[in-house]
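Take this structure first; my questions come after.
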Amino acid sequence: MCRWIAYSGTPVLLSQVLLQPKHSLIDQSLHSRMGVETTNGDGFGIGWYQEETAEPAVLRDISPAWNNRNLREIARHTRSGLFFGHIRASTGTAVQQSNCHPFRSGRWMWMHNGAISEFHRLRRDLALAVDPSLYADIEGSTDSELMFFLALTFGLTEDPPAAVARMAGLIETTADARGVPLPLQMTVAVTDGERVWAFRYSSEGRSRSLYVSAEVDALRALHPDVSFLRELSDETRLVVSEPLGDLPGAWNEVPENSYGVVQPGESALHDFRPEYAGLPPSGR
Amino acid sequence: MCRWIAYSGTPVLLSQVLLQPKHSLIDQSLHSRMGVETTNGDGFGIGWYQEETAEPAVLRDISPAWNNRNLREIARHTRSGLFFGHIRASTGTAVQQSNCHPFRSGRWMWMHNGAISEFHRLRRDLALAVDPSLYADIEGSTDSELMFFLALTFGLTEDPPAAVARMAGLIETTADARGVPLPLQMTVAVTDGERVWAFRYSSEGRSRSLYVSAEVDALRALHPDVSFLRELSDETRLVVSEPLGDLPGAWNEVPENSYGVVQPGESALHDFRPEYAGLPPSGR
Amino acid sequence: MCRWIAYSGTPVLLSQVLLQPKHSLIDQSLHSRMGVETTNGDGFGIGWYQEETAEPAVLRDISPAWNNRNLREIARHTRSGLFFGHIRASTGTAVQQSNCHPFRSGRWMWMHNGAISEFHRLRRDLALAVDPSLYADIEGSTDSELMFFLALTFGLTEDPPAAVARMAGLIETTADARGVPLPLQMTVAVTDGERVWAFRYSSEGRSRSLYVSAEVDALRALHPDVSFLRELSDETRLVVSEPLGDLPGAWNEVPENSYGVVQPGESALHDFRPEYAGLPPSGR
Amino acid sequence: MCRWIAYSGTPVLLSQVLLQPKHSLIDQSLHSRMGVETTNGDGFGIGWYQEETAEPAVLRDISPAWNNRNLREIARHTRSGLFFGHIRASTGTAVQQSNCHPFRSGRWMWMHNGAISEFHRLRRDLALAVDPSLYADIEGSTDSELMFFLALTFGLTEDPPAAVARMAGLIETTADARGVPLPLQMTVAVTDGERVWAFRYSSEGRSRSLYVSAEVDALRALHPDVSFLRELSDETRLVVSEPLGDLPGAWNEVPENSYGVVQPGESALHDFRPEYAGLPPSGR
């Protein structure tokens, strides 16, 4: 299990979001309140977009986020309007850079909190369902990376919600065939550098926590004294595994089995259901 | 702050002591109950003696103990009758191998839990008090390593309790001169490969936790069903920052301001007081 | 490409073989003479057997061998009669612990120098040929680990030469189907803790270098002044990517397309040919 | 010994200078042509300035530069008009982040290639000469970091050439008192974010290699076809341990015992001599 944060809006120093809040991702790496584990110390990753380059930059390391100096350096000197941060608590797979989130493919980034139950039994079936032209790019050994490759297989770059729905459907279908009940537990964030899609879903209907920040203009009205809010555009949004502080009214829980889109203009919230129809037969 | 464990007695696989107990050092690295911090994930170290070589072997790494595979490999394949284990929670100094315990000098090993208050202000004075012939061997930046070098300066290899007393006295004297109150907080273990000295002391008289295992024959009588106890010699002893399990009668708290000696034959417990007389003037 | 060393014979401190020779594995990590790369600094691994445990211990790290202190500590304090050492020069795959050799399965260890040409294009086909019950244990992303899993699939633990022959056959057959010429380049060592099999083969018939030490009694006669030789049993043998020193008569090149067995009693040398018959269809 | 590069001029992606040249710093980490060692794989560091923050950002890691993915990520996504890059070949001191260059103090950065002879014997004397208010900030164990602290002690931020001259003088005086002949070997780069001072000096008068790029307008006239040159301002300069490529006329050797200043406007070259007068007595 893990914790993550996605930011979209007015360009800020990464440190303003990743390091400075009272219950920042750094604090969560030592003292998560809502995660399955208190400690998320099995590596971390951040990824960010800047205007000058098409692809996001990604910094990943196997050390705990709380004691990594390079993370602090980069966060304090990098300004971005769209970035991801992730801290990892391994559920058994190796602690190695290629198992750290976010994962990247071209302009796209993906990060995940959760797990596929009995992944060891399902791993081969799921790997065979990955598009053969993509398979060789798998570098690590996590369920999370495999979920990304399945989503890519199912058209993530064309229609993210549909691709994630088919990914979830495939996992549940495959698990069912192997006798693994309620296999999927996920909060996922995915982005192309312009929009962020955030999914909250679990087969059992009791998903890991996920919150989205309230609208900035409403927050400014509530808290005219919080200067940080005055710097932010109305469209600025954070999606997080757990709230970064105690500001009343600042955080709304993302409902079970739903996904949101953070984008220029209006954000949106929709129901999420796995898609079982038209799945390719998982390789067996 | 940190957690540590010292074992002396019947040769066992390190894993039997370091990995297998319910509240092992590995478990303490994630969920310390009595430490200042819950998480001790800023590196670890183990050191052990085997008959064939004079010096102890030392394995140290900056990764958390709980996810380090090499630690598990070595612990599962190494048998020793005298070994140290340490997990680190940095109080600000760098996470680097040279700041991991145990520290070694020839046949001697040293590890520490605690801190010197306002170490930044006292560091130079204390470093100058180190024997000039030893100074250049200081590799890291911790108070703990500097304490070791001070103890070596004061004759650790001749008379450990006297050297540690003078070390504590120097730290308190130096702190006093700089206006730093109640500077020393320590539990320290030191060994030459035959005996283990364990100290519990703090300037304020409220020291970090320290426990010693009860006598094995008494434990065997209490717990005839615990097979592990039958493998151990009567003289086997553990000194630990916190108990490794809940076996009733197994652990005795080491009193405030005292030190014990674990050795072939009778173990012993003594009062500990810093020694202020005859200190060399700390270099200023 | 990489460099490796396999030792079988009189138990010695690992350091006597891994650290002390003039052109030791440590020296080769900086200054390989016969390797494709001069520098082999992308991680290392050692694995060794001791009587007390069934499985070998394995220490692997992503740092260069030449500056890793834990390697020196373990090598100087560990005695074994059968051990492997490997230094890695990545041909593009990630520098992570799970890509370091030796690989282990139960009592078995495997290490490799060489490469599968255009592995990226062949990876999926080869992975699908791995026994489905083994697939999920693949942790890394190298051709070398996949070769190990293929060999296990083909009965490595029953008949190593036959399994390696079928592995080589499968790789060549698969490559042929994909239009990849001369795909396999390998020197491989594999052991069950009692015998060591060492293979030298390449599709093009120009294989990476491989040497075996001469018989100890002959060496003693040649060099009565070399004291180290007097400590070694007659059956002691080393198989190495390149000679560890310049002792005349000490090293014999292993012929192209052959394999040797180092074992209690007589060692043996045989021809090696890939086996193409009866291969399972590689998954496509 | 080590290799380094300092860039000042038109803001470019760090990768254009650090990664892309034929004989880039990455290439030098594996195949240095002019360094004492071929391999510079004991860690690396980069430091860069951007307008938005006063201090430079510094990324340092103990892995070799050639296989570090975070270095590539940051270099490909970071634009700066003044940056340092350094690759390390340890001369014995620990491979740890705090021993990696560049070192930083406020707005200032420092990096070094070379060594102090018999540093182990001189370390304490030199450390005692560091301003007591700075001493406690020493984090590592290298001669290079200590040289930086000595230069800071002697007024680096006020007058860099004078401070470096006094630092060199102190080292030579101290060495002389200890009977260490010809102690100093250095090429040093230091910057405050606006100007870069580069020193080439050795007690024996045979200093490590150092080159400065020719004037850009002259280079453009020589090589009208090299498009990269057209992007650079006339004042852009590189100072490097060894040339990054074979472009005729592109590199001028910095003379023995001299220093240069790269700055907005005219660059300048001066003689360099250690300053022995008015040195504080080195602490003994």
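Here the chain labels run A, B, C and D in written order, and each chain numbers its own residues starting at 1.
Just so we're on the same page, contacts are C-beta pairs under 8 Å (C-beta built on N, C-alpha and C of every residue); 3 or more make two chains touch, one makes a residue touch a chain.
This one's a predicted model, so the numbers in the text were calculated from it and none came from an experiment.
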Chain C onto chain D, rotation angle from CA fit, given as a multiple of 5 degrees: 180
Interface numbering overlap (same over half, different under half) for chain A and chain B: same
Whole-Å gap separating chain B and chain D, where each centre is the average of the chain's CA atoms: 40
Interface hub residues of chain D, defined as touching at least two other chains: 69, 94, 97
Chain contact graph, described as a line, ring, star, complete graph or other shape: complete
Residues of chain A that touch chain C when the two form their complex: 93-94, 96-98, 119-121, 123-124, 127-128, 132, 135-136, 138-141, 283
Chain D residues within the chain C interface of the complex: 30-31, 38-39, 41-42, 62-64, 66-67, 69, 90, 94-95
List of chain B residues in touch with chain C within their complex: 13, 50, 52-53, 57-61, 69-70, 73-74, 76-79, 97
